[in-house]
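Look for chain A in each of the two complexes below; its partner is chain B in the first and chain C in the second.
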Partner chain A sequence: MILAFTLVVTLFSTTVLPDASAIMEAHRKATAVQDLTGQLTYTNISKSGRKQTRTLQQYILRTDKGDYTYNLLLEFTDPQDVAGTATLTIQQERKDDEQWLYLPALRMSKRISPSKKSDRFMGTEITYEDLSGHLSEPIDDYQYTLLGEETINGRPAYKLEALPREGLRTQYGKRLLWIDKATHLMAQTHFFGHKGEHLKTYTATDIRPVGSGGHHRAHQIKMENVQTGNTTKVQYSGFAINAGVDAAMFSTTWMETR
Partner chain B sequence: MRHLKYILKTLLGVCFAGFAATTVAQEADNNWSTTLHGQARVLSRYYPGQNPAGLYRWQGEARAELEGEVNYGNYWKGRTVVIANANPDERRRNRLWANEAYVYYRQGHYFLKAGKQTAKWGALTGFSAMDLANRYDYYDVLDTEQERLGLWGLEARYSKGRTELMLRAFHPDNRSRLYLEDNRWVNLPQRMAVPGGEATMAYEGAASHYQKRLPLLSGSLSTEVGRVQVRGSWLYGNNDIPLSQIQLRTSSTRPVPYQVQLHFEPMMISALNLGTWAGEWNLWGEAAFVDSKRIGETGEITPDQYTFCSLGADRFWTFEHPERHLRLVAQFLQVFPHQSGKYAPTEIDHIFQTALLIVTELQINYNWSAALRAVAEFRAEGFYLEPRLICKAWAPLRAELSGGWLGGSGQSFFGHFKTNSRIALHLIRPIL
Partner chain C sequence: MHFFNPLLRLSYTRPKTTLLALFATTLLMAGGLKQLETRNSFDGELPADDPINQGIEAAKATFGERSIVLIGLETESIYTPEAAQKIIDISNELAKVPHVLSDEIVSLATLSNVSQREWGLETGGFLDELPADEAAWQQLKADIAGNAMVLDRLVSADESLTVIAAALEEGFEGGTVYDAVSELADHYAGPERIHITGAPVLVEDVQRGISGDSRRFIPIAIVLIFIGFYISFRRLPGVLLPVGMVIMSILWTMGFMGYAGLPVTVVSNALPVIMVAVASSYAIHFMNAYYRLADQHSTGPALAEATLKKIGLPILITGLTSALGSASLLIFKITSLREFGIIGSVGFLLATVICLTFLPAVCALLKPPAGKAYQSARLQRFLRSLTQMAQGHRRAVAASYVLFLVGAVYFIGQVKIGDDYLKFFPKSHQGRIAAETFNDKLSGVRTMDIVVDATPYGGIKDEAFFRSLNGFQDYLMDYEEVGHTYSYRDVVQHLSANLNGETDALPGSSEIAQYLMLHEMSATPGEVFALRSEDDNQARIQVFLKSSDPEVHQALYEDIQRDAARFFPEGNTPLTFGGDVMHRIALGTYIVEGKVQNIILALLIVFLSCLIIFRSLPKSLMALLPITVSLLMVFGLMGVIGIRLGISTALLTAMIVGIGVDFAVHYLVGYFRDREEMPADEAIKHNSLHTGQAIAYDAASNIAGFSVLSFSGFLPVQHFGWLLALSMLLIFLNTMVLYPALLTQKERQLATPEFA
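Right, the complex of A and B next:
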């Protein structure tokens, strides 16, 4: 009788809970877009409470290389001492991204040395590796294990462990992921170093539908650096997904003629 | 060419009227967007050193800038920048003007901009020979970044892939603003030797002379070869920095009246720029040929041809401290004159001959930054140091306290004007 009950519970569990790779594939589908535009305001908050706020317009277009790489154009709009500054990034699969910087004082765009994956993006607590994963989780590079279910900010979520596959160059030895059950978006991530130390915590809130295409997006995210006490909060607005973005925007000519 | 400015003004008027009318008519069309920004600036400078002519020690100025833009999708844009400037010491700085008023249109690979627009010719992270053609308000020779003047003209670009062709044409009357009188950067003669001693001199204005009223024309072709950015540029027009000669009206009266003759001579610049990176350093350089004119040692206008070479590097560092970062730009410049003779310290085109330029900025935390701009001119033996402290603790107000220390040999620009060492306070705040 006990054996039969255990068998039933086991069968029930395996049929109800999808496997980790299916969850991650659903997550990738939920985040993958052809193009995305919107405005974001990020605030860096130091341990002692000092703040730095920047607002920028983002334009994202999936490259035509058939993989999950994107072209990103970011234009700062506020405050005025950085307004007009723009960066153009062309992501490359398994290669350094190509990057250009436009500084309004110089009135020119220039190719700059590619950022390391561990470099902080625009002084935030988000690294280039985080940003890349945020656009498209590289599911072939990780081994995922489903750990169970938990509630994050009042929403049910799958809890998974992501371990890098042998040979992958990454700043993280392990990540714990909480994938929102309803939207398959990332609700929370804990990032750990190669020695197992907890580095950062990512939290996404205010998950809402965007447009009529069935897409959802978190409108607020937070990245807390557990080691330094620094936090980056990001507020998104004006999302448009798959509404069409002119490919000509992702050029130095565009940055110089805005 | 003489009527180009008026044709452009009329076209702009029609375009802006069209924009306004269409904006109202198509409120429901979300391709239209309008933005309005503004900022106020207050500047105060103090010169501890006494100017030889006994000119002002304090300078104060207030400025308000309003920027308005109308966009239709990513194709059409109209932009205007209106500036109001108030200066209790210099009445020519009390003015209200539209520094920019242009429309642009882009379609596919093509881009066209027409109207009054600011332009920067140099395409280098540091100082480029092409920057000699930039038009500024030269009220202060060292602080020109906020003094770029709008020019009436056209800019056209064609880009495909990573290659771009750019052509520009600007009206001949687009000139920099010069302040010959009561300006610490211009040494007008005060006295002259006469038989039996010295006589005082009296300035009676300036007269401009043109060999030809040339439009300012430029073209550039840029591309990327592997990881190297390559740009070839060419520019032709009147040199905006005039050659000056003193002409006595008569020598029999006292004080001796004189007029400054300003000669605007043709200038042509051709430049080749290269840029790449090594590790985390961005590397760049320029070789340029400048064909201009100068006042020779006999007082005649003579050719001034030289090759201008520069090499530069810049890098950005971040630190363990999450708020801290450092940016460094270093550039070495070398001028090779094609004729003999020494440049005078007052020849603004030749401030740099063999020089090292350093620009660095350290963000200490989100509220405080420290910056340094430094020049070492080795051939003429002069230097300039400008430390700056930037405070954003009362954001959105930004306060900048800076010092400017000029020194060295009197044969260098920096040593010649060493009495213009100063301290300055800038307050900048958005108003919209």
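Right, the complex of A and C next:
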């Protein structure tokens, strides 16, 4: 009897997995913030091993223009000769983002054309489409299928397949997602092209709590371009989530006069 | 011959054993053919301690090695939806070609641009979207015209040509890339012309050409030899035996190359044909003596022995002198020439051994041929007239030679140095057409990389360094042959012009740093690191050259070295040079330096060999005469016609001296042998007719053999082939004219009949 009960419990616990949509909704909730600040240091590493490291301060504030759209201010702090260079992105729901560039040497900001989804963000291996998904997974645009569970970097994760819904303009034909079971953050992603070719691999590690609001964040991420052999590594520090960010910061005036 | 006598005696006393041993050795040596490799690149041709080579390696270490495939799309105007779509499609397809670095494809479809607009800055690719209306096409044209990094570099000013360039990863397989790119070109051709070129394509063309040459040459050369031997001897053994010997010589030599790890190169590609010519000339002298002595001996072994005794020594001498002549190539510092020196030496020695063992062994097994040896009446008449003319008009002969030689010496000074890689190919070759089209319409395809060390200035972002670099690039552009220069300066200036508007003022240090930051944000790491070192202490300037003349490159290189300190006064060695033209500059230097040493060494070797053989200074000097005169004439002719002294033609001296001395040795040995039995005048006439006939056949076989090289797909090999054939004709004529004239003069001056 005890044996039969154990067997039933075991079978139940291994075969009944949460719904894919539920996992992705939990993932979106885990990443959603009202505002976020922090420092990040990214290193671009070419196939031949040459490196380039930059440090910047990021300010993110959720907008009132859509459920999951953000204002994003990035200001370089190191190396010193580029300190103060900043970009401001105002995301628009279903519209092109607005972008400005501020160069201290010019002492004025310039509007720049909106980036395409496939454009590389700051010269890294992360594209604007990846960044957008990183801030908030566009779950309405994809069809998700739960493929099972796997361990990624020692942590249990759900493995899902994400296929774009018809009509969606995206650089990817398919993504394989590994969502960390404990935090619902993205632990790993494999990006595939429209012909099924493996394009890139995203890996998130050093997942830790941030602040006291129950939020977690990966403090190290890596994007490897399988096609080119180039890699970008990002190290985060000083995260502050929902601690309040002045909305006035997200303006060209602020960039030019601070 | 004393040392070799017991060994050589075996060939006619134990002919079957000898043939069995030769057959077994042939099988063994043929095994080496499987290990034979082809080397088609010029990498590794220079000594590791060469300063130019070290510079090239240093530039590679910092900026990586970039082998670039170039695809050109040529049409009336590239500004049409069809042409633009092809640029996009070819760029996308190129990214899928194996070994192509997909983030280092440069074309209108991949390159980012920053353009000032009324509302702000437009950033993005030129062809992110196909222009939808006339205004959009005009905007695209204006953007391209306003971008100095694109106009004349990627797009021709007349709108008819654009280039798609793809960098290849290190260790790429040339054949795979070549096939894939050729397939792409075929697929997208029409109505537009699709050109493919670039070093990897041309190098693969060389490799395929080498293989094709080898397949074609050997059969043609052997057929020619068949015909030549038949004309000479009019008997079946007189054809089959030498041909057998030639084939064995080639197998043994190429087998040796395989076992020794010596690859087939654009230089050693000519070897089989040279072996055909050389080995057949040994065989001609042997068979000529064999048929001449046939009526004096009743058994095969006796005739074989008599033939060996008569001709063995001259063949051995000529084999040794040819081998030593070839060994003189070791004085060059260029790898493929040194390798050829070794291969030639070993090959000529092996051919000598085969000639002196195989031919007597087979002859010993045959019944002596009946009847008199065949003599060509026409040839006899020609030789007689030549000798009479030389003997009878000695002053006129001397005056003509002086005139010829003065002219030759003058024109030798006009010989151009160094190989133009492009001109390896005939004018109809698609890679050459493509490169010439790019040269005509764009800023050139040959590149010189100049790496400038900015450490004394505190890095490339320093405004003083930037000012210096700016002045230096302007200085480079003053040269007519410089089509374009490209460095981070151009990136900074382009961004500055779009952010600030056109201005003459150069940016300050912080602006430079921030513009470079902007470039990083839009370019791939490959693009960024092609211009700047990781630590920002070195900048790379790519200099595109319209000229493909190595001497122009050399002069530019020397000028830049001389003038660099004017622009970069800080630091001692601010410049390092790399790029494809630098290899050629270094090769040119070594060819000139090695050539002079090679001529002296080859003549010295042959002179010393003759001194040992003849034990007489005047005879040894005489042996050098026809080849020295012929050398001067051939190099003078190169100056007149404009044939360059390059990596292939650099072989000429060693071949002319090594092979040409055979004629002199055979003539002199024959003359002194005849002189022991008859008066001087009669000895000259007798020798000129009898030894002269063998020399004529020898020369004819060499000329026929070397002429085959004229069918090569590579112009230097073609030039080498017909120049060598012409040299053989000149040496023959010079031998047959100079010796009768000189010996007659000498004999008449000396009262005594003894010469020496």
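Quick note on the criterion: the second predicted complex is superposed on the first by the 242 of 258 C-alpha atoms of A that agree within 3 Å, B and C clash if a C-alpha of one lies under 4 Å from a C-alpha of the other, contacts with A are read in each partner's own complex, and residues count from 1 in each chain.
One rule holds for everything that comes next: contacts are C-beta pairs under 8 Å (C-beta built on N, C-alpha and C of every residue); 3 or more make two chains touch, one makes a residue touch a chain.
Everything quoted here is computed from the prediction, not taken from an experiment.
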Clash or fit (per the criteria above) of chain B with chain C on chain A: clash
First (chain B), second (chain C), both or neither touched by A:Phe76: second
Which superposed partner A:Ser46 touches (first chain B, second chain C, both, neither): both
Chain B versus chain C as contact partner of A:Thr85, first or second or both or neither: second
Partner chain(s) touched by A:Met122 [first = chain B, second = chain C, both, neither]: second
Contacts of A:Leu106 with chain B and chain C, given as first, second, both or neither: both
Partner chain(s) touched by A:Leu176 [first = chain B, second = chain C, both, neither]: neither
Touched partner set for A:Ala32, first chain B, second chain C, both or neither: neither
First, second, both or neither for A:Leu163, with chain B first and chain C second: neither
Offending stretch of chain C which, after superposing on A, collides with chain B (from 436-444, 490-498 or 598-606): 490-498
Residues of chain A at both interfaces, chain B in one complex, chain C in the other: 44, 46, 50-52, 79, 81, 105-106, 110-113, 119-120, 123, 225, 228, 230
Footprint of chain A on chain C - complex, ascending: 64, 95, 101-103, 117, 119-124, 128, 169, 461, 499-500, 507-511, 513-515, 517-518, 520-526, 528-529, 534
Touch list for chain B against partner chain A, complex: 37, 39, 74, 104, 106, 108-109, 111, 113, 119-120, 123-125, 145, 157, 159, 162, 164, 224, 227, 229, 275-282, 284, 318, 320-323, 325, 365-367, 395-396, 398, 428, 430
Chain A residues within the chain C interface of the complex: 44-48, 50-52, 54, 76, 79, 81-82, 85, 100-101, 103-106, 110-113, 115-116, 119-120, 122-123, 225, 227-230
Contacting residues of chain A [partner chain B, same complex]: 44, 46, 50-53, 79-81, 83, 105-108, 110-113, 119-120, 123, 125, 225, 228, 230, 246, 248-249, 251-253, 257
